[in-house]
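Please go over the structures that come below.
In what follows, subunit A forms one complex with subunit B and a second complex with subunit C.
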Partner chain A sequence: MDVWDAVRGRRSVRKFKDDQVEDELIRKILEAGRWAPSGSNMQMWGTRKFVVIKDKKTLDMIRKVSPGYLGTTPLAVLVCSDQKVAYQKCGKLGRDYLTIADCAMAVENMLLMAYSLGLGGCPVKSFSSTALKHILEIPEGVEPELMVVIGYPSKKPSTPPKIPLEKITYVDKYGDKLFK
Partner chain B sequence: MDVWDAVRGRRSVRKFKDDQVEDELIRKILEAGRWAPSGSNMQMWGTRKFVVIKDKKTLDMIRKVSPGYLGTTPLAVLVCSDQKVAYQKCGKLGRDYLTIADCAMAVENMLLMAYSLGLGGCPVKSFSSTALKHILEIPEGVEPELMVVIGYPSKKPSTPPKIPLEKITYVDKYGDKLFK
Partner chain C sequence: MSGGKTDTGNEYLFELATFLAISARGCVDEPPSYGPFRLIDGLSRLIDLPKYAACLSEDKFLEDIKNEVDEKKYLVMSDMEGFRRFLDELVRRFAVELKKRSSK
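So, the complex of A and B:
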């Protein structure tokens, strides 16, 4: 699928079929996340970690502590920042900021890839980090940043309202419109 | 260009030709950013703002206060979060977190789109926010989050080291490897 078609056609999917996601597709989605950029190429130290959740009971527990996780899905990927590693390599800025942006860029790659493979996904931030750390036995210094829930969509969601470029784009000075 | 080829082939480009980027390509890149997901679809309120910088003098000033902005480029896009709007709509969580992730997802879309159009880009976080706000007259409550510098690459960069999936991917429990 073409990049533009994926960017333009991707929707946040919240209703899924029961069908499992094939292992080779899971790998492709994770690979897309792995290839996302990272500040100072910190990913190479392992600052970005992926926890794939396939076990139904675990998914059920996670849903109970994640208000943003609606409905049921056969798959979720929790993207974590290893802040301990980030801090060791890049200090406070690395720990506090870059890892969040890095995780989000990996999530966007995963969402586009999932969509291009006929799957649907939704980024989820509304969860209890404490509970997720407990359920998934995530150690100190590793922080759940964003989750992606994935599955085969049971129906294609409609397009949500998107603000026109004209209202959010300036040129050379904040407030000077690029598009009239 | 295919999504996978874009995700896999995209590099952070830091050396560019002098050629200007055509207006229709700039628009396509911004559109890709606009279509990125956002927490609670907050983008529709204008939480994400794009400041396009094309003026050479302004680009020069920005480069001087941005250690991460290497070389010269004919174009930069600064993605800002309108934290005032985010706070009004979604409180502290909206202001502190979602907008950063939202900006990063927009940046990844822009990078993939730029690459698919034959351009190159690099995300830049290492800049002085205070100086950028001054140069671009960005008002209080709007925060520069990430910049993308864009142009025609003068050469294709080599692939940086990427950590294998096996080292960063767990299943159902942190530490349990999905791939052996």
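So, the complex of A and C:
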């Protein structure tokens, strides 16, 4: 699939079929996340961690403590940051900002890959970190940043309105419009 | 519910309680519009209770409300004015139904 088609065609899917996601596809999605950029190349130190959740009972628990996890999916990937390592390698900026940006970039890669494979996904931030840490036995110093719920869409969402480029783009100086 | 089936009313009640507790904590830090969204999503989940609790019977009015809520709740993400109108209409329908039930 062309990159432009993936970027424009991807939607946040919230209604899914029960069909399982094949392991081969899960690996491709994770690889896409692994290849995402990272600030100061922090990924090499393992600051970005992916927790794949496939077990039905665990998924059910995760859903119950995540108000933003709407519908049921056969798969979820929790993207976490190792804050201790990030601080050691990149200081406060690394721990407080880069980790979040890095996880977000990985999630976007995953969502685009999922879409290109015929799957649908939705990024979820509305979850209880406290509850997730307990359920998934996440160690101290590791923070759940963003979750991606993935499955085969049962319904393709309509295209949401997007703000026109003219309203958000400037040239050379903030306020000078690039497109008129 | 928007999720997996639970077998008993008590389990479902626990699921609802978990949703409410976690939503309350989330709403402290989340965007203000998430508050009404969680409430309306909670309403949809609550209406499912009779499916799991044998002592409750299904309610046609509430079932219709649930269908509409599930169809329109995502307006909050793209059309706040539309979401407001939808909630106004929902409240109006509850008022009409309340009056109807009170006059019986």
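Everything below uses one rule, namely that the second predicted complex is superposed on the first by the 180 of 180 C-alpha atoms of A that agree within 3 Å, B and C clash if a C-alpha of one lies under 4 Å from a C-alpha of the other, contacts with A are read in each partner's own complex, and residues count from 1 in each chain.
Convention: contacts are C-beta pairs under 8 Å (C-beta built on N, C-alpha and C of every residue); 3 or more make two chains touch, one makes a residue touch a chain.
Just so we're clear, the structure is a prediction, and the values are computed from it rather than from any experiment.
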In the superposition, subunit B vs subunit C on subunit A residues touched
B
Given the touch rule stated above, what does A:30 touch, subunit B (first), subunit C (second), both, or neither?
first
Figure out whether A:116 sits in contact with subunit B (first) or subunit C (second), or with both, or with neither.
first
Between subunit B (first) and subunit C (second), which, if any, makes contact with A:175: first, second, both or neither?
first
Under the stated touch criterion, which partner chain does A:67 make contact with: subunit B (first), subunit C (second), both, or neither?
second
By the touch definition at the top of the document, which applies to A:8: first (subunit B), second (subunit C), both, or neither?
first
Identify the partner contact of A:131: answer first if only subunit B is touched, second if only subunit C is, both if each is, neither if none is.
second
Where does A:161 make contact in the superposed view: on subunit B (first), on subunit C (second), on both, or on neither?
both
In the superposed arrangement, what residues of subunit A touch both subunit B and subunit C?
160-161
Given the complex, residues on subunit B that touch subunit A span 1-4, 6-8, 10, 12, 27-28, 30-32, 34-37, 39, 41, 43-46, 48-55, 58, 80, 97-98, 100-105, 107-109, 111-113, 116, 123, 125, 136-139, 142, 145-146, 160-163, 165, 167-175, 178-179
Subunit C-facing residues of subunit A, complex
14, 56, 60, 63-67, 69-72, 126-128, 131, 160-161
Touching residues of subunit C toward subunit A in the complex: what are they?
2-4, 15, 18-19, 22-23, 25-26, 30, 34, 38, 41, 74, 77-79
